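What follows is a set of structures for review.
Next come two complexes, and both contain chain A; in the first it sits with chain B, in the second with chain C.
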Partner chain A sequence: MAETLLDVRNLSTAFVNGSKKVTVVDDVSFSVAPGRTLAIVGESGCGKSILSLSMIRLVPDTARTVGQILMDGEDLAAVSPQRMRQIRGGKIGMIFQEPMTSLNPIMTVGAQLSEALKLHVPELNAAERHERAVEGLRRVRLPAPEAQFHRYPHELSGGMRQRVMIAMALSCEPELLIADEPTTALDVTVQAEILALLGDLQRDTGMAVILITHDLGVVAEFADEVMVMYAGRIVERGTVGEILSDPQHPYTIGLMGSIPRFGSDDRLLAIEGTVPALSAMPPGCRFAPRCVFAVPRCAGESPVLREVTAGHAVSCHFAPLEDNL
Partner chain B sequence: MGKYLLTRLLYVLPSLLGVLIICFFLTRLSGDPTHLFMPVDATDEALAAFRAKHGLDRSLPEQFWLFVYNALQGDFGNSLRFSVPAMNLVAERLPATLELAMATLLIAVTIGIPLGVMAAYWRGRPIDTGIRYLAALGQSVPTFYWGIVSIIVLALWMRLLPTGGRDGLTSLVLPATTLATTMMALIIRVTRSSMLNVIEQDYIRTARAKGQTEFVVVVRHALGNSIIPVITVIALQFGVLLGGVVVTETVFSWPGVGRLAIQAIYARDYPVVQAVVLFFAVVFVFANLVADVLYSFVDPRVRLK
Partner chain C sequence: MTRPLLELRNVDKVYGRSSGLFRRERGGTYAVEGVNLSVKRGETLALVGESGCGKSTTARLALRLIDTSGGDVLFDGREVTNESGTSLRSLRERMQMVFQDPFASLDPRMPVRKIIAEPLEVHSVKGDHRARVDELMSLVGLRADHADRFAHEFSGGQRQRIGIARALALNPELLICDEPVSALDVSIQAQVINLLMDLRQRLGLSYLFISHDLSVVRHIADRVAVMHLGRVIEIGTKQQIFSTPMHPYTRTLLSTVPQPDPARRGRAVRIPPALNVTKGREGCLYQSRCPLASDLCASERPHARSFGDGHLAACHHAESLEPFTLVQGDAVLTPGARRRFDLYVRKRAERSVA
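Right, the complex of A and B next:
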């Protein structure tokens, strides 16, 4: 890999409550190159949202994060709160899952866009800010951007609000966009539009995107690299082609089996059991209790993430499966 | 906006009519005041003359009709005690009460809202616990007790402030702070719980993700969205405030409408009682009208099309 924009090393986030400590993100390392898209995939509660919030240090007070988050040689985990505020919304834009509730209901769309500009591009005067905000709304293909500027969030549909969120996240030309389930709450047709829009904007700006999703269809369409998370850990990492056509971790294989395919009469495969509670994780492989290939060793010994081919890493004692089973 | 205001003003009319009815019949419940004002040995003719003069000899519906008719013109009849128009007595005392009420409101809001915000922001920390104890104390100790204790401590023992009367700013401090405690305590509690709810919202996270400072996140984004319940409580508490005015003015010999009310009630000077009660009711109704109008300023979703 040539350039690296973001390099996350051994990031862990734990919630501490008195003497109880629950690790939600466990020793995660990955990197993103400029202009590329990394998809973080996993089911609800696997720690992917907390991971994204950890990167911009917006986890709740009760959470503790350790590890390094290197961006342009700067460790975001160690910078001052003031510097972190410059980075949030400046170098890193973020959009969230819930467009319906992610905008402040008592401020106009324009005021919320201008707020970000005022913080990160202070040299603009009011007229230039207005112009740039309207331009931002036009860029996300909102109809009548000049009129939208004066509207309140409740006057917009979910898709329109997500466009406003995108416009806001991109208003200060971030190098990295973190999109946490940006289309989950939207209609399927709106989903496709928003994804197409994100793709176009990424091509135009050259920004890197971290896309957090549980939707493998979205991954196939949009991602360059994929990282699969299970119970707070990375279980598999590789290019989108490798992950989708040659999944190596039993969990990833299970995820693939659970996607309905058009024209196929096969039954959908479900992964048996449920994710263990974070406070009661098995000492070995966290997927072992649900894994069809599990042997006694899996329950006691935690597998390490290792490359099976260049760039394709799997956290399983048996990887690559073709050779070892 | 103009139309909204007009519609809202129309809603005020039934409330005011209700107030007129209650006010009229409640004062009549206490019986005929004639004997109270006439000498014990007054002749039947003299008593009849008194009744005729004040319209007490007519039937209740007739009296009511006259009362409403006159009240609408601001005429509540003459005070039985002072033989001057009742409304003049109220108007005379009004500046003192307004001064007290405004000072009270100012203290309660400027202290209550910031404390509520701080308690919510530092939830569970010692500062939150302290503020909550303060609020519980303020809400549970009655106004008259605060008044008497503050007079004893600050006026009698420490001689920092006058015990009562209305003579400049120093004499305003004790009655206003006394009256403000209950309201402030309530504002703290409502602000805190409203803020706790809002601070968890997604748009607060959005504001932070933008790189906004904590102060602006809390004040513009969180407080702006938390303020409606606070406005509601202040408007509703206006009634309690007016009741408190009566007690506090009496404790501190503050020459306001509240003390006038107490004196008029003791004397069964019902034109004055009616005028005061109606005045309080009108203030209360309009306080709530102001609150409704404020909602639409604060929250665009309230604005009627």
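Right, the complex of A and C next:
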């Protein structure tokens, strides 16, 4: 087993409103090794974004997180808010889906990059910060980095903004990069560029990446390990090859059946129904109401995540389906 | 030959052009330039390209939500560009639009019944609107007893169904769908694509289908037009575009889509970003990104040339392209996974019957 950089144990996040409690992330455990990429896959409302925000403690005040988030012997769930601020943007970098809303529209690109450096590498003087910021822009292959330094976010295209976000996230050489749908808002041509860039940077720096996405094409292109989430729980986990060549959970199978294929003109095998509302989670298996294999047992008893082969775990009573149904 | 339902002839849209009584018109930014395309009855024409290539502008020109700067738009042989008042309104009855964002395109203060009935009121359609709304809702797979709810009470996929029901209220012949599924989750996207394909068959609709997602286009379209910086650079049947693309840009677009197969990792093609071409639209606008660019491309604009049976491409060097093989497909499934998929398909069919 490779060394571990981040070890998340039994993490749950719930929103509490008076007497009502809504669990958005339910007992999730996983780990990430240096230099590796873990993809978290799922649709809106599956809890993937709240999970990533919980790891860096950026969930709203109304949320309660329990569990351990171990990184380099520290439990991020227990460290002081001051220490957490050092870690965020320091050891852990973040990129979000919509670069326009994550960048400050009234600050130049350079000022924003320098601000992060000022906070996390206080020993640098202004000239050194400038140099490092420009170097960061060069590293993400922005053309004319010196000129970009003085530009405002609205003067940049979507792809360029995302590069600035990546430059900011990497400016303090993080050990872990959390990328939440980093290419979803971009054109395919730009997406290919950004993914290739992230891959190169990962090889150079040896950082670990947690990639949150709904796009199985992006997963195939970039991930080493994959975790599929549905309604706040992990339903399947394995290597990228295991998930895409040997999907076990009915939800994973349904997701793959839903993608229009270049090769096929058949009717799409859409998953019927919709994701359950957080306030009305079905008892037992949360996928049961939409599952074509569901039997009464599924509604009564929550399946546990168990390994079907070493490292490949599935949360379904009947996995492997072809032997048990 | 039968007349196409929608036809665009040499359509331009220029913004910020200066003009005066005695001056020649000059300057301006071309959003769309010299676009020729047609949608036949019962056909789905997909319009693809990167953001900013003029796809949505073309759709808006077709509906005459904005006016053209040059060229003609014909709907069923009638000039949309010259119509006004009641005759434009009667044309618009026959073509309707489905928008991308199911959150922004529905009035949050109106119950769904009113949203869907609004076109009927605007166009003073006689008859029982209530019954028509119920019929439309069940047509798009919504429960008619939910008609008194508000848009926020529905999920994204259901909201898109409401938008489709509204677009169908006037029995249009042409639906213009601007990225109708790109805001939706994968599993919901599949439901809406299936719905659009069913509706086309049941109601004999034609679609102008705008999308940046080539897998979706491949699934739903009969013909495909590829746009780049305001120009249509290639148009042909789905088969022609996906199997024998004759423009280097089309090939690159097809090859940049990541496929769900880790064995193909790193095969996606990369090209430099599009330039912001506001002036200097001489020559081929793709030349700065094109590996085949030559002096000819810089000096002379390539015109659409025929490569057989309605397949047109605007490239000087189309003949010197290598044979094309599309890097595509899924990961190879294990035997167990294949049995699992078969089981899934069978169970799914049983459920939908029951």
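Convention: the second predicted complex is superposed on the first by the 325 of 325 C-alpha atoms of A that agree within 3 Å, B and C clash if a C-alpha of one lies under 4 Å from a C-alpha of the other, contacts with A are read in each partner's own complex, and residues count from 1 in each chain.
Here is the rule we go by: a contact is a pair of C-beta atoms (placed from the backbone, for glycine too) under 8 Å apart; a residue touches a chain by one contact, two chains touch by 3 or more.
As the structure is a computational prediction, the values presented were derived from the model and not from experiment.
Engineer: Specify the outcome, clash or fit, for chain B and chain C once both structures are aligned onto chain A.
Structural biologist: The answer is fit.
Engineer: Applying the touch criterion given at the start, work out whether A:Gly217 contacts chain B, chain C, both or neither, answering first, second, both or neither.
Structural biologist: Touch partner of A:Gly217: chain C, not chain B.
Engineer: Does chain C touch more residues of chain A than chain B does, or is it the other way round?
Structural biologist: Counting contacted residues of chain A, the larger count belongs to C.
Engineer: Considering only touches as defined above, state whether A:Leu142 meets chain B (first), chain C (second), both or neither.
Structural biologist: A:Leu142 sits against neither chain B nor chain C.
Engineer: According to the stated criteria, A:Leu305 is in contact with first (chain B), second (chain C), both, or neither; which is it?
Structural biologist: neither
Engineer: Now for A:Ile271: first (chain B), second (chain C), both, or neither, which partner does it touch?
Structural biologist: Touch status of A:Ile271: second partner only.
Engineer: Going by the contact rule set out at the top, does A:Leu119 touch chain B (first), chain C (second), both, or neither?
Structural biologist: The answer is first: A:Leu119 touches chain B but not chain C.
Engineer: According to the stated criteria, A:Met55 is in contact with first (chain B), second (chain C), both, or neither; which is it?
Structural biologist: Neither partner.
Engineer: Thinking of the overlay built on chain A, is A:Gly254 touched by chain B (first), by chain C (second), by both, or by neither?
Structural biologist: The second partner, chain C, only.
Engineer: Tell me the contact category for A:Asp246 with respect to chain B and chain C: first, second, both or neither.
Structural biologist: In the superposition, A:Asp246 contacts chain C only.
Engineer: Go through the superposed model and pick first if A:Met168 touches only chain B, second if only chain C, both, or neither.
Structural biologist: In the superposition, A:Met168 touches chain B alone.
Engineer: Report, please, how wide the angle is at the C-alpha centre of chain A between chain B and chain C, in steps of 10 degrees.
Structural biologist: Roughly 80 degrees separate the directions to chain B and chain C.
Engineer: So if I take every C-alpha atom in chain B and every one in chain C after superposing, what is the smallest distance between them in Å?
Structural biologist: Here the least C-alpha separation of chain B and chain C stands at 16 Å.
Engineer: Could you pull out which chain B residues touch chain A in their complex?
Structural biologist: 201-203, 205-213, 220-221, 224-225, 298-301
Engineer: Which part of chain A faces chain C closely enough to touch in the complex?
Structural biologist: Where chain A meets chain C, its residues are 43-44, 157-159, 187-193, 195-196, 214-222, 240-241, 244-248, 250, 253-263, 265, 267-272, 274-275, 292-293, 320-322, 325.
Engineer: For a test of understanding, state which residues of chain A touch chain B in their complex under the given definition.
Structural biologist: Of all residues in chain A, those touching chain B are 56, 58, 85-90, 93-94, 96, 98, 101-108, 115-116, 119-120, 152, 154, 165, 168-169.
Engineer: Write out the stretch or stretches of chain C touching chain A in their complex.
Structural biologist: Checking each residue of chain C against chain A gives 50-51, 155-158, 185-191, 193-194, 197, 212-216, 218-220, 242, 252-253, 256-262, 264-266, 268-271, 273-274, 326, 328-334, 336-337, 339-341, 343-345, 347-348, 350-352.
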